[in-house]
Structures are given as C-alpha cells and as structure tokens.
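First up is the structure itself, then whatever we jot down about it.
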Amino acid sequence: MIDKTRSSLEAALAGVPDGATIMVGGFGEAGLPNDLVDALIAQGAKDLVVVNNNAGQGERGVAALLATGRVRKIICSFPRNVDSQVFDNLYRSGKLELELVPQGTLVERIRAAGAGIGAFYTPTAFGTELARGKETRQINGRDFVLEFPLHADYALIKAEAADRWGNLVYRKTARNFGPVMAMAAKCTIAQVNRIVELGELDPEAIITPGIFVERVVRVAVAPTAVVTAGRK
Amino acid sequence: MSYAKRSREELAQRLASDIHDGAYVNLGIGLPTLVADHLPAGREIFLHSENGILGMGPAPAPGDVDTDLLNAGKQPVTLLPGGAFFHHADSFAMIRGGHLDICVLGAFQVSASGDIANWSTGEPEAIPAVGGAMDLAVGAKNIWVMMELLTRKGESKIVPRCTYPLTGVGVVKRVYSDLAVIDITPGGLVAYDLVPGLSMEELQSLTGLQLLTQAR
Amino acid sequence: MIDKTRSSLEAALAGVPDGATIMVGGFGEAGLPNDLVDALIAQGAKDLVVVNNNAGQGERGVAALLATGRVRKIICSFPRNVDSQVFDNLYRSGKLELELVPQGTLVERIRAAGAGIGAFYTPTAFGTELARGKETRQINGRDFVLEFPLHADYALIKAEAADRWGNLVYRKTARNFGPVMAMAAKCTIAQVNRIVELGELDPEAIITPGIFVERVVRVAVAPTAVVTAGRK
Amino acid sequence: MSYAKRSREELAQRLASDIHDGAYVNLGIGLPTLVADHLPAGREIFLHSENGILGMGPAPAPGDVDTDLLNAGKQPVTLLPGGAFFHHADSFAMIRGGHLDICVLGAFQVSASGDIANWSTGEPEAIPAVGGAMDLAVGAKNIWVMMELLTRKGESKIVPRCTYPLTGVGVVKRVYSDLAVIDITPGGLVAYDLVPGLSMEELQSLTGLQLLTQAR
C-alpha cells in the first residue's frame, strides 16, 4: 500500500543534502509552508539555493532560513519588502547571491522544468536590464527572450488537503506556486491541513495529482495570521 | 489661469469610466488599485489578480478577512460569485497570452514611444524587485498608465526617453494623469480631458513635449 | 450584464469567415463538439484549417465537415483510423493538406499560443521524420526541436456545464483538449450540457475561467454513444 | 531442442511482474494494454492514460460504460478511488517531464542502441499517424518495449539499425519478448529469461545479434 503521508515534520524533511535547490511555495501569507521551512532549519542542510517569489518577510519562514546563513543563493521576483530586513542585510553585505526573475518568467521556467521543455521564448523583459546578456529572437515581428527551465531537488509547498497517494487540493489564493513547483522538483513535500481517505477528493477537482508529490505531512492549522497590507 | 489637479479619487474615477462592460482588467499595485472602488455601476468588469484570481471582489468586512484570499498587493480581498481560482502558471498565461483587455500600471516614467519604467530607480544601492510588472507590461491588450504627471520637483514623468530602467518597450497606449489624459499614438502624443483651467500651451510647457489635440 | 450564452447553435456559430483556423476539441467520443461542427457545416464557411487530434471518424462531426470539401488543411496527430475513410479519400486524392504533429507537441503548441510563448524546445520527435527541416538545439547534453505556437480564430469545444460568464467544467476524459484550445483561440465557442447560475460552479474546480470563452450554447444531451474500441 | 513461445498473456504477466509497487505507468496501445490485466496483487500501480487520467481502473461492466471515460485507445475504462482527471497539456507535461516511471510500448523494430520504430511503416502509400508515441518515447524514465521478437517472416525485430521510420532515438531500456527479455545497455544487449528449451545460441542465431548473458 502506497502511503505518502509522514508522521512528523522531521520525517518529511529527512535526507535533504547540503547544496540542494529548494523551491518554497507561497505568495504573501497565502500558501507559505512555514512549518516545513522551520523543519528544514532544524534539519540543518546548508549551502542551499532557494526559489521563492519573495525573499522572506518578517522573521519567520524563508527569512528565518536566510538568517541561519545556510542559503547561498535566492531566485525570486520580489525580494524587497517593507519587512525584508533579513534579506536586505545579507544582500547588502554580499553574503547572499540574488537572481532576479520576472514573476511570470519565474513560474514559466518552473513549469518548463516540470513539463520537460528545454527552453522557451518569452516577450517578458525584452529590452530591459533583466534580459541583459540573454539570447533574443524575433518571431513574427515580435521580440522574445530565451529562458531556461528551473529545476529543483525539493519543493516545499502548502495545500489544504491530501490523500495517501499525494493528491492535493488547495484553498483560494494559497494555490499560487504550489502546483507548478510540485511538477519541477524531484521530491515534493506538502504540508496540509487535512488528510482524507482515498477517493474523498473529487477527481475533477484534484489540482495536483499524486504523481507530483512524494511526501505529505499534516500540520496543526495556524491561527489566522495578521495580514500586513502593501507588500508585493 | 489657475487650475486644480485631479485628486487620486477623481483620477481613479476618470479612468474607471473608460473601462468597458465585460472587460478583463488587472489593476497594478499602488495607485491603480483605487480604480476598483470606482467601477461604473451597471457594468460587469472582471478583475484579475496575478496570484490566481479572476472575478476579484472588494475588500472584506473587517471580521471576514481570509488570509488565504489575497490580491497581488497581499491585501485581503473577496471573490465575486462566478469568480475562479487558478495557479500562477495559468495566471501568467492569461497575462502573457494577451487575454486581459486592460492593465493599469503606475509608473516612474513613460516615454513618448510608449516605453514604461516602473520597477527600479536604478540607484546603485537599491535592492531590485520586479514582481509581475514586466509580464503585465507586455501582456495586456491595452496598457494604461495611471500617475501624477509631474514629479515632486515638477519634472514631467512623460519624457522623450526614459532615464530609469525600463519595464517594457513601446507598450503604453494611454496615460491617465492628474492633469490630462494622453494617448500615445504612432502619430504622437494626443492630449485631452485637461483639467479645467489648464491650457494646452501650459500642459506643453509643463511636459516640455509636443502634444497634439486631434480628435480621438 | 455579461451573458455569453447563445440561444441557438446558429447564433453560436455566427460570423465564422472563410479561411478561418478552427480548433475542434475531443478525443475519441469524449468531448467531441459534434453539434457545433454540424452547425459550422450549416453556417457554410470554407477554405478552413482544422486543428483536431484526429481527422474525423465515421461520417459525423469532423468527418462530415471534411466531406463538404470546405477544409483546406488539417493539423492533427492521428488521422488514420479504421473509420477515417472520409479523410483517407481526400488525402489520397490530394484534396486535403495534412500537418502531422506528435500529440504532446500539438497540445503544447496550442498552450504556447494561449500563454504568449513565442516558441519552445521539446525533446519529442528529435531524430525522426517529423523533425525534418526543423531547428534543433542541444541543451544540457540533450537534443531538442524548436516548435512554434498554434493559434486559432475559433475553438469549438464541449464542456459539461457553464455559467453566463463562460466559466466551464468538464466531465472525466471529455476534458482533454478543451481547456487548452480555449486559451489559444480568439473566439472560443463551447457546447454544454447544462447552464447554471453564476456562483454555482465551485471556484476551486472551474477548469476554464470565462476569460477564455466567448460563447456558450446548451445542447440536448445525446444518448450514450456506441464506443468502437481500438482507435487511437 | 524445442521450445514454446510465451503467449501474449504470459508475456504480459512476465512484464507486469517487474513493475514495482507505487510505479506510475503508461501502457501503450495494442499489446501493452494487456499488462493491465496482470498487475501483481498487493502492489499499488498507478496507470496513466495520455488523454487525462491517473489512476485508471479496469474496463467497466458492460452495463456501466461511460462514453466520457475512455483510455488512450478510446476504449471505455474506469477510475480508481484516488484517481484524477486533467487536460491534455498537463497530461503530456507528465509524460515529457519524466514523471512516469515506466512506459510500455509496442514496436515494429528496436535497434541495438535503443532506437524505436513503432509509428510508421514508411510505405509511400501509407497515411501517417503518430498520436502520442513520440512523446511517450522520450518522456518516461524507463521505456520498455513489449513485442514478439520475430516478424511473421521470422526476421528479428531487434536490429542493428532500424529500417522503419524512427519514433525515438536511444530511448529503449528493455525489450520483453515472447522468447526472452533483453536489456539494452551501454555494454550491449543482455538477454535473460529465455523461454524453456531455447538456448542462447539459438536466440543469437534467430536475431543475428551478439547477445550477452552477464548478470543483471
């Protein structure tokens, strides 16, 4: 019997090696797998490359991971925030490499990795600093930039519910990067609020089929977080 | 002559009045967000949020905040009946694929040829951050910029050529400003709906640019 | 009030010009929009390019459309079937152009059109006849073929239910090409079994958001079709 | 010596016994479809169908046919509890993205270097049709071919170099045939599990190829 559920966060994070590339889902407070990130900190892997839309906010989650000094590089679209002080300090002191990628290109590169696409041409960023040094091509009179897939060793994501096969459903805008990162990582670990019986999830509404998920762990549902407005 | 600039609310209202019934619209972070509060009654306008919403509704009542239901500015919102959720790749497929009718963006500068600079001041010590700005700039059928026409120092933000780092090249079709609406056309900049009391000559002098008055 | 529903098949097909490129959903019997195709035949547009996984089977649907002689070219992955006699005759007599595309490349080209991707590299078909004359590139030691997007003027698809905004849900494997074709066409027309009130479709389970759909028409639910085995 | 070829059922059973618990598997049209009826008891194996199913179940009872629930061969099937539906682009992302552990394909020919030809006879009057064969051939982690080793004329279908048009280049890892199982390795063709009574020499003579017997 295939059972992808793990009994603890520790078990869910077992085996992450130094030097791993780790995708972390979430946009704003929605879909942040903070329990998994905390467990990754406890697990101790270092020299990591992190892929996330932001670069940590406040002192928890990705910010706390960055603060350990175990992240070598971050690939993201929007590192600067009113409360991104952990990132800001590391970046300004040259202790953290940054690869800045437009948000749509970031997620399409992740999808390309998951979908076996070798590279793709996007119109985004053509003629801007973020396309500097990149191959370009005119197609039907329009200018495009060549972008390559973004693979990961692990994806840490948050979903609403899972079954033992690893099928996932999400909740509202907490879906964001989760389904795509799950496709691009060799090992996807999902923290979920609920684990349900096989067959309980509507097969028409499963967003991430279990083929993309290796480990599932249930976490206590957090109290409603305070939302700070005005971030991106 | 004397004139009063449009307030942010008036500007949002002026822009919103041009959004057609049934339009699919993305409102950028900052000033453009105000447009949501001024959508004309009697029109159904579909608001898109790049983090995976179509059919976004207004902010929730204080007691009804759901931290899993945020807009691209990471503020709590609601979903209209008929709205839908989707993941980021699908959301940016909508954007990049040209499915949005209108995207309203703020800007530091817009050039006479429709270039837009809105993501970086280019200052050496600044931490860069782009978010979805570059995707939105190339994606929507109509890129409208909403901004104050002049900087605090009184310099025009519509310029012959952007000095700030570009977000997109040749993409802006129209600028809604606190002083006038300005279309960016192959034939040049066409200004209209100047605030009462502002003459075309004064507007030209403020911007330092040649402005046309031809009928839209 | 935005209402994308049309009161008749005739109204749903109005305005299709000669020379249009038309995508038609469906795989096997599942998801074939045969009522829309019949209405297209009645509408009379000619010199068409049709994109479909197959090239018509039996005498109905795409086969009937081909039989009118109004299709100039068909783009598909699997034209040859035990009952593809209409296609076979036209093809052998040189009256119909065929562009044969591997199924995954076909659907990825359609997705690229919908997603604003200028071109992409796929490993599929490298070193085969179907890559002949195409640009190739080695990326990380693997060989890829460059493929371009496939746009359409119209997509004719079949879904299970719709609301007046054009949101769609599908039924089981009738989903197949529908959601992707809807993204790639300027005007997507969906035939549905049910039209429901706004808000009745679960926002977590809407597969095609209304932004991709221009017209919806309800058709009488067909009696269970006879399935002929062994086709591809 | 005399030997009996494996029947189609025996061949399907032999192959199925090598599919590991928890494997994600696509069974190609034709002969490979038979494998579904021989999946080892006690293992959970996830069958994928390129038209948008994961967790495909067996054929329905005659009265329970649902024409909206078909496999890639367009035959009616069922869905297991825990199964899921998705669209074609997502389905081929699974295939092309290397997420399937095993894909079992039929073939006209397989070359000693793992090329596969299974989509076209190359005859000038033949109408070409490829379906998902080329995507499957490049996508799965393990491409297994299931076929009779010899043509009706007695010619080996494992050949030094395919003469039929190729489906994929250097992708086949193993051939399950009615006479033996043959691994395609960088060091050469490794044959094992020959049917009782068939010697390695006879098999070599039938195929005209050098076969190795090294331990797997």
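Worth a mention:
Chains: A, B, C and D, in written order; residue numbering restarts at 1 for each.
We adopt the following convention: a residue touches a chain if its C-beta (ideal position, glycine included) is under 8 Å from a C-beta of that chain, and two chains touch if they have at least 3 such contacts.
On a predicted model such as this, the values are computed, not experimentally measured, just so you know.
Touching subunit A and subunit D at once are the following chains: C. Across B-C and A-B, the chain pair carrying more C-beta contacts is A-B. Averaged C-alpha coordinates give centres for subunit A and subunit C that are 33 Å from one another. Averaging Cα coordinates per chain places subunit B and subunit C 35 Å apart.
If you average the CA atoms of subunit B and of subunit D, the two centres end up 55 Å from each other. For the pair subunit A and subunit B, the distance between C-alpha centroids works out to 29 Å. Within subunit B, contacts with two or more other chains are made by residues 79, 85-86, 92, 95-96, 138-139. Looking at subunit C, one finds that residues 108, 111, 115-117, 122-123, 170-172, 204, 207 touch two or more other chains. Across the complex, subunit B is touched by residues 27-31, 77-81, 84, 87-88, 91-92, 98, 100-105, 107-108, 110-111, 122-130, 143, 170-180, 207, 224-225, 227-232 of subunit A. Across the interface of their complex, subunit D is touched by residues 1-2, 111, 113-117, 163-165, 167, 183, 198-199, 201, 203-204, 206, 209-212 of subunit A.
Within the complex, the subunit C residues that touch subunit A are 108, 112, 115-123, 137, 139-140, 142, 144, 148, 169-172, 202, 204-205, 207. Every residue of subunit B that touches subunit C in the complex is listed here, in rising order: 21-22, 24, 44, 46, 48, 54-55, 79, 81-86, 92-100, 138-139. In the complex of the two chains, the subunit B residues touching subunit A come out as 29, 49-53, 65-70, 72-76, 79, 85-89, 92, 95-96, 115, 120, 125, 127-135, 138-139, 165-169.
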